[in-house]
Amino acid sequence: MEPKAIFDLLKSRFGGDILEIQEEGISPPFAVVSPEKLPEIARFLRDEPGLSFDSLMCLSGVDYKERFAVAYHLHSLKETHRIGVKVYLPKENPSVQSVDAVWPAANFMERETYDLYGIVFEGSIDLRRILLPEDWEGHPLRKDYKYPEFYHGIKV
Amino acid sequence: MGLVAYLADIWEAVATTAKGMRITAGYGIDPRETITQEYPEERREPSERFRGFLFNDIQRCTSCTMCIRACPIDCITLESIRGADKKLKLVSYDINIGRCMYCGLCVEVCPPKSLTHSSGYEMASTERGELILHFVHEDPEEIKARVAKQVAEAAAKAEAEKKAAESEKPADESARASGEAKTAGPPAGTAGEEKKEAPAPAFAARNPGTDAERKPPPPAPAPEGNGNAPGGEGEKTE
Amino acid sequence: MESLATSLVQAVPALSAVPLWSLTLLFTVAVAAVVLTFALTYAGLATYVERKVAGDIQARIGPNRVGPVGLLQFLADGIKLILKEDIIPAKADRFLFALAPYLVFIGSFAAFVVIPFGVGLIASDLNIGIYYVMAVTSLVVVGVLLAGWSSNNKWALLGGMRACAQIVSYEVPVGMALLPAVLIAGSLSLQDIVRSQGGLLGIFGWNLFHNPFTFFSFFLYYVAALAETNRTPFDIPEAESELVAGYHVEYTGIRFAFFFLAEYGDMFVVSALATACFLGGWHIPFLSAAALSPLWGNLLSLGVFLGKTLFLVFVMMWIRWTLPRLRVDQLMRMSWKYLVPMTFFNLLGVSVWLLAFHGRGIPQLIASMLGR
Amino acid sequence: MKSHAEALPTQEMLINMGPQHPSTHGVLRVILRTDGEVVVNARPDVGYLHRALEKIGERVTYAQYMPFTDRLDYLASMNCNAAWAWTVEKLAGIEVPERAEYIRVIVCELNRIASHLIAFGSFTADMGAFTPFLYAIRERERINDLFEEVCGNRLTYNYVRIGGVSADLPEGLLDKTTEFLDYFEPKIPEYNNLISYNKIFVHRLANVAVISPEEAVAYGLTGPNLRGSGVPFDLRKDEPYSVYPKLEFDVCVGTGERGTVGDCFDRYMVRINEMKESVKILRQAIAQIPDGPVQAKVPRVFKPAAGEVYFRAENPRGETGIYLISDGTVNPYRLKIRAPSFVTMNIFEKITKGLMISDIVAVIGSFDIILPEIDR
């Protein structure tokens, strides 16, 4: 299915929760959805026959300076089509529902995003820092991150 | 498990083991299969494109700083000064081999092709300072003084010539006389970079620490954050 | 030893003033020194050979820097190991930690005493030779278990436990596989067992060819012995890719060297047992060692015995550099489900054979048929 | 009478496997909770090699990032190089000369062989057979020689450039490659005889850590690990990029020939078979490679238009996806690398329950993970 058709289907089903479609210069195109409805939409995308997005290729956090985003790149092995789903989150206390119940693959990538961006994934089975030490301060991939001078007395 | 399967199991184990042992024995017996090169005595010739240590032919180097711009990890530092012939003169050109990752991006962009990879790859060292390659072997202060002198002489000569020719435009003489070449004239050699490089240590690079560290009294080691400078004076090995 | 001392006193009457016990002690020490020197030299050289074999098989060269073709490498290694700092982990059980390597070492090298190197070359011809070897090599288990436990390291503990389970399990098939030789010779003494394999051109008297059951018995013994010495594919107690180094992970320097030498000593002992029990021991093919002059007889038989034994050691190395290792449960299964039943079956087979043919093997039967 | 458990109370043991351990393929740490030899829980702890490659990407230019991709998966630098180049080209809409694409495919497939050789070798070494490892290294050395001639380095190649490759193939390289392929092809059956079908080896791997196809897809497994579970998905075929559509090859899948589909043995065999397929691809690519330029015109100050792109390439360890956001400046705005090994580790805890310690080693080996890529 073409991304456009998928987005139309999503819009007809979820209406106002599909906030925006980003297509210009973006591949694969994104459907921006409201964070509250994300698990529901994710489940729909996975289970709906004809869509069956069974594989979460990539889950990435993005810092758009004025807001955060979490981008989900989905792919269907059965239907061989792919789209992106994006949620925008506020700068303060960004948090979104976890999708690891829908795609188990999400867990590590969510942990990574939590680690590097500080975006909290509610309802995650195991949300801990993954790449950085557990007592690391700050979230390095944020654009306003200040490099620490010392870590446990060791010069960074 | 029936008796036949039981015995077949044993037979398979014996047979596959024997097969494997035949292969290893084949290699063990065949002397041609030995591929070891006994390194210090026997060396393989690095290929033509081998990316060994960087080498800068300072005679050809135009101090254009393209290499510094290309380097992803800032391991090259360079200081230059504008000479009497309006070309940039290298005062120092250092490459921190301990930091270099031999990606070759600097060599690719070098306009006069003065920066090349040599075929050298052996440089074990117990001192970090030894891992900094210096390509200008004279003392930077000496070069600076000499070039300043040349510039002053040239300026004086030009002034004299000018006076003799009673030429016009005495505009920038005072600046020349100060010795630290300040170019107002048309750029010589490299194109486009001159505007930035006008002040005396013509090196306009990313690392502010370098110049500070070069001053004779060794300052406290710069924080690692901008530590692309190849160490302080203390580590210099000349 | 006492008999030797008595005969010496008879030969040299001047010595009759010296008390017999001191002469006996002297002999004992001398023989022990000779055997130990031999064992250590062998173990050192075996490490060298092992590395050379590995090098050859892996298309490399192996040690080649110290001495001609690297021959002195083992000396360099030994000196290095002796000079290394002896580290005892802070929370280790110091006494047991220090004791363990000696137990392993003793267990492995004490077995050299009863190995029949030649016609008359045996340190002590015990009439319970095989029994003694089995008993004394069991000390290794104790040492290994102690080493694993006292290191206070979980990898070492796992290694020690594995080694224990493994060696205890494989003692059964090893013993069972050796019994046919005992049955044929009617004696537990290794020298007697070797003597029983003489005749018939020195080859066809071997127990290996005695009957089909002994033939299989040899291979079963060899496989079980591999396991008992913790060699690949049964090296799970030290499995370097799983347990790092198993029970000797915390050992350094000379204590580590003891474990190392013990492993090679073990290899020699089990190979020597195989040679003595199945491959005719020191019997020289096509010659009768006993008929030669004592000097030549002993030298030749020693050479033959070492040749056979070292070949078996070499095969062990060859196997090591070919095969992957088993998992611990598969190892147990192999012992209890394959080796033990098969050795029992073999034992039964040999017994029946001996009964049916009055103790004569196939070559003897053929010879007697041809002779008539 | 008291039961055994009461009479002899046992305790679970907590073992740290790694970060320094011979068979965790680097600095992976696995926290094992074991009941004797049986693993109750094995939790991977990654990040010991974190170098913030994504953050570095926001600091350097597009071209300067190329050497850093070498350090993603250092056993398949060419593939990572090429993945980065393809991503940027997709973002900026650069047409790459065909010869350059063929060269990329040739070096990528050579590197795939090299990487699978290491996977094969280190896996067998984990299983206790050290000799195949050296044979694999020996073959890989010849590939490294080829690469040294191509780009001048033996591990971190930095050969591919945005818009092409840094230099044309040297004279005679294709002949040498063919020569290598002729030498290498008969080695694969030899490996199979030496170790693959060895009874002990098969026993160690068959039916161990079985991953069903559904699980494999849901957990985001890619590459040989996914195909080992019997899912015939290969990006080179299913989402073709570069000149792969012009090349004929088969997608190798696990068949469960010695156990169950999706066990360690299948994952291992997929890699062995993929080496054969790579040889096939290489022969075709060498036959087809056209003449022409090897570098498209790319401005020296390269500023792609603002946009977002997600590109994925089939690397030896699976799908390396790069999510690249440009804001129109010389530096990438955001650069996310979806490392296949990283995602693969997600399923580790699930499938290792109830295995033995030796099997943990087998599972790590069969996943063919590489730590620089996991930790980035």
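The chains carry the letters A, B, C and D, assigned in the order they are written, with residues numbered from 1 in each.
Criterion: a contact is a pair of C-beta atoms (placed from the backbone, for glycine too) under 8 Å apart; a residue touches a chain by one contact, two chains touch by 3 or more.
Small disclaimer: the values here were computed from a predicted structure and weren't measured.
A.B. asks: Going chain by chain, each one touching the next, work out the least steps from chain B to chain D.
C.D. replies: Steps on the shortest route: 1.
A.B. asks: Of the chains shown, whose Cα mean is nearest the mean of all protein Cα atoms?
C.D. replies: Centre-most chain by C-alpha means: D.
A.B. asks: So which chain is farthest from chain B, going by the mean of the CA atoms in each chain?
C.D. replies: The most distant chain relative to chain B turns out to be C.
A.B. asks: I'd like to verify one number: the distance from the centre of chain A to the centre of chain D, where each centre is the average of its C-alpha atoms, in whole angstrom.
C.D. replies: Comparing mean C-alpha positions, chain D is 25 Å from chain A.
A.B. asks: Once you find the CA centre of chain A and the CA centre of chain C, what distance in Å lies between them?
C.D. replies: 64
A.B. asks: I'd like to verify one number: the distance from the centre of chain A to the centre of chain B, where each centre is the average of its C-alpha atoms, in whole angstrom.
C.D. replies: Chain centres of chain A and chain B, defined by C-alpha means, are spaced 42 Å apart.
A.B. asks: Mind checking the centre-to-centre distance between chain C and chain D? Centres are C-alpha means, answer in whole Å.
C.D. replies: About 45 Å separates the centre of chain C from that of chain D.
A.B. asks: Touching two or more other chains, which residues of chain B qualify?
C.D. replies: 17, 20, 23-24, 27, 35
A.B. asks: Could you say which residues in chain D touch two or more other chains, in rising order?
C.D. replies: Counting only residues that touch two or more other chains, chain D contributes 131, 135, 138, 194-195, 198, 200.
A.B. asks: Provide the list of chain C residues touching at least two other chains, using ranges where the numbers run on.
C.D. replies: Residues 57-60, 321-323.
A.B. asks: Which chain D residues qualify as touching chain B in the complex?
C.D. replies: 60, 63-68, 70, 131, 135, 138, 141, 145, 148-153, 156, 158, 166-167, 170, 190, 193-195, 197-200
A.B. asks: Which residues, counting only chain B, touch chain C once they are in their complex?
C.D. replies: Those residues of chain B that touch chain C are 10, 17, 20-21, 23-25, 27-29, 33-36, 38.
A.B. asks: Per the contact definition, I'd like the list of chain C residues that touch chain B in the complex.
C.D. replies: Residues in contact with chain B: 53, 55-61, 64, 318-319, 321-323, 338.
A.B. asks: Going by the contact rule set out above, which residues of chain A touch chain D in the complex?
C.D. replies: Touch list, chain A to chain D: 22, 24-28, 30, 54-58, 60-63, 71, 73, 77, 80, 84, 103-105, 107-109, 112, 116, 129-133, 140-141.
A.B. asks: Going by the contact rule set out above, which residues of chain D touch chain A in the complex?
C.D. replies: 46-47, 50, 52, 54-55, 90, 217-220, 231, 233, 238-239, 305-310, 312, 319, 321, 323, 325, 334, 336, 338, 342-343, 345-347, 350, 375-376
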